[in-house]
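Chain IDs A, B and C follow the sequence of writing; residue 1 opens each chain.
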């Protein structure tokens, strides 16, 4: 219940945050929403000597449309995403999915950047970002760089982000008209991580699929993009037989950790089931 | 452990105290400020018994440090009644038997308070979702829903009353 | 005011009056143990074992003691000189206070750290170093009884006699049985139909929102010990603490302040309490200990863990001839089960249920394993949850075998109204009941026939996305422990008490030996007195929980408050009523026989204007008593109940199971309860909602499991299923009233019935959904995961 002692730092600019990170090396952790970090510290699974609170850096907040892209500050909270009129209009998958993350209080603090940056396969935004073909903007001592979501996740708690970098924003192209979307998350109760979840973005050309992206949550050491399953769908009409093939393809790439939510067989099957349901729901928007 | 001076407004009053960086807001409120309304029911940020209102948002006070609240406006259950008059949410929980042991109640009340500020005319489903960050073991939530509905009605009625000079 | 208005003004029995205790809770002014701060108070935290079974080789305190602010680190060695390293349990066993040379379960208490504040205490705990030598772990109670199973209780080596009779194996605790074995075996031998089923009631935990804790304060100047404690039985704790510490009971004060839910979790005495008390005595300063949630789930009284085999013998048309059951009871490492002394399996022998079963026998064998101690907890009425689960499941199994409707088989076997008081094959004398009326009421309310028709249609449709199930449970449970000739806790007879004092100006104060943890005693007890004495409940102060002022009682658990203390309240009030009548006669200058009581006054018969209210009488009691009568107006009553009480209920549940995911939607839950006389319908309904919700959680998601190394799993709120307002179904409640003939106000107690009855109702519904495929039982919890596996086994998933 009681966290260990640490030195607290509260930078007010990105460069200040970066120089603190460089200074402390592995002895510092970023404090964003704190709702993953503080529970770990209270159970003494994490004992960082320094916390760098990035809540007071204005450049990390805000949602805007700029240069044809929606740019979401990494410190945007889940509730800010949920209630954003801009996102509801241009990237409705995000507000829709945010409703399924955590609970109302946690959503006031949990941030999209925090949800992505730590490489936890149980978090929801990685798979959603992959399905949205998002790009993450990182900032380090060497300056800014961009990494595509599909290239960012390397393993459980392992990402492309260096120890001395922070995530600044997430850039996503707004939806074209009639883009279908859905996030179906199987969970045991409110606030639980996904037993399995699927994010689907889809576009139809007449009765055939012209674009589809499927992101999977918590069924492998990282979030997954089900590219083979997507390929099966391009140019096809939706049919029960196609959905069976898609579900089978999705299942074939799953490698979930077994836990109290279920064994590998169940979680894998549920990845397939959530994909089916997300596709059916997504098409309704097309 | 060097201490930091932190200052914030709690229930409309400015406070300034020295705290360790690691002091959780809930302990700051309960131990330093003697506001023991917010309770601790878990250490994994699930139960919501510690919920307070920070800068207009419901937050679990066990999952933030006091030092993060520098300059913030905090409302706890002790600050809901004004001038000795209970807030509509408190009235609602009393009228609709929305509490039994009372342990989850302060968290429920501060959350219901903000929930109704954000959504003054909620459906039952919206109430259940809106209160889903607060666990209760005694009531089964059914009367809590009724309590929030009572409060919503009362707030709307009170808002419609003409303001006396 | 006319009579009906005067009655309403009393807000007495039957009135859904709002609660008197709410004012402080809604303003954040409750007084729970962790709210208590005493001058000079220090904090205690506990070092716990990461291993389930191991020898302690070494404990290094140095690093911890070097932390500024750490005052002391205590281990079993420090408690040995006080002979407090072990303590007696409620079940006649001993339990370690701090692990003495070995640990017996993961998270067992090994050392305590005392520090200036809780943050430093936590640092101290992290800094204590313990070296262990691992021992083989036993978590399966069946394996525990194998010949060469590891020895868990070395302290009991050679002891073949336990508190409950012979022990036949080093991990065996007791064998207890009830009923008539010969008659039952004979019934089974000759019966045309027999059914059997293995039924596991898995290990769960009551998980009240407030964890356990204490503030112990020994005053070295006065030699007095005061301890604020999350205790459901403060007087018993006082007696035990006095016996263990040697401090005279008159100098020990236990105070149960506001308690944030008990549900049986707060009955026993935990090592944390003992260590806080010892530390306070040693330091001469107040010591606070409050546990974390993980500690609460991992080390305090768990519930259930009964491995039951049920058997029914019957005729071909469904009349039950016999019931037989055998139980392996996993008690964990110490038998700390909170049962009345003579009942190591609690009141499990209520398992003949609502049925007229001529022959029955049950055997329960207690077993040690490397798990935390406990067993009786969680709204169980002393193993009645297990008993009702057993019989209701078995009746369903029999119905299924005979292709009989579940309601029909129950009608056929119910104890009939005319048979009450009814003595069961196990010797319980059921006080009253009318099961047939209640059953019809429920079946009509839900339109049972239509539900079955809908289910048939869905079964016939291979494209139906869901499986529909209808669960039915018709339970009788037993509460109100209990008659002192059979029921005692550590030798204290299970009576309860009430003292009432009426003040000169007509208000009153009353104290009882029970202790509310949310059940509303401050309101309901006042309502009883209000009706008995004609004083408005609003001005009757009710106090409980302070052993220095409250009369001795056995506490609140097992739904015993209304049956036992409620009776004591009525009896004490009637003593006052009798004295008041004498005073009224004296004041009105008539004989007592000329008076009649009406709501709040004694009237002279046949007169409308010659009366004295209880208010008038109270004043007179303090200044005008007649010759030979003591002044004052008060009474105390210690009530030894003549029998238990037997509330009953009919619950029906409709579920729809998603074939794709295994998730279950509770479409409808209809709960009819009969608790006899209803004191406050609003409070009863609240209790029912709460008990049903806890039942839903148990049946559909709760489990404390262990891996092969004895690591406990699911012991945080991430995994342990506490439903939010989103998952919790909507509850429909109904009632009938069949008063208890032996209870002064006819009331039976209600708060555990919804938990006892709802759990098998959920299982009944889940099994019913699969019954057409030959499934006769599904083990709890009915998680989406487990149900999906069942669906897959029957080829119903993709």
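Convention: a residue touches a chain if its C-beta (ideal position, glycine included) is under 8 Å from a C-beta of that chain, and two chains touch if they have at least 3 such contacts.
Note that this is a predicted model, so its numbers are computed, not measured.
**Q** If every chain is reduced to the average of its C-alpha atoms, which one ends up farthest from chain C?
**A** A
**Q** Give me the two chains with the most inter-chain contact pairs.
**A** Top-ranked chain pair by contact count is B-C.
**Q** In whole angstrom, what separates the CA-based centres of chain A and chain B?
**A** 30
**Q** Counting in whole Å, what is the centre-to-centre distance of chain A and chain C, each centre being its mean C-alpha position?
**A** Averaging C-alpha atoms per chain gives centres 44 Å apart.
**Q** Distance-wise, how many Å sit between the C-alpha centres of chain B and chain C, to the nearest whole number?
**A** Their C-alpha centroids are separated by 31 Å.
**Q** Out of chain A, which residues touch more than one other chain, so two or more?
**A** 1-2, 4-5, 43, 103, 190-191
**Q** Check each residue of chain B and list the ones that touch at least two other chains.
**A** Answer for chain B, listing residues that touch two or more other chains: 20, 22, 40, 43-44, 46, 129, 131-133.
**Q** Of all residues in chain C, which are in touch with two or more distinct other chains?
**A** In chain C, residues 118-119, 292, 294, 718, 722, 724, 726 touch at least two other chains, as defined above.
**Q** Spell out the residues on chain C that touch chain A in their complex, using ranges where they run on.
**A** 118-119, 121-123, 126, 292, 294, 660-663, 701, 703, 705, 713-714, 718-719, 721-724, 726-727, 783-785, 788-789, 792, 797-798
**Q** List the residues on chain A that touch chain C in their complex, please.
**A** 1-2, 4-5, 43-44, 103, 186, 188-192, 195, 244, 247, 260-263, 266, 269-270, 272-273, 276-277
**Q** Spell out the residues on chain A that touch chain B in their complex, using ranges where they run on.
**A** Residue list for chain A touching chain B: 1-8, 10, 31, 34-35, 38-39, 42-43, 51, 53, 55, 79, 99, 102-106, 108-109, 190-191.
**Q** Where on chain C does chain B make contact in their complex?
**A** These residues of chain C touch chain B: 18-19, 21-30, 32, 34-35, 37, 118-119, 207-211, 258-261, 263, 292-294, 517-520, 682-683, 685-687, 689-690, 692-694, 716-718, 722, 724-726, 728, 730-731.
**Q** Where on chain B is chain A touching in the complex?
**A** 1, 4, 20-22, 24, 40, 43-46, 48, 51, 57-60, 62-65, 67-68, 70, 111, 115, 129-133
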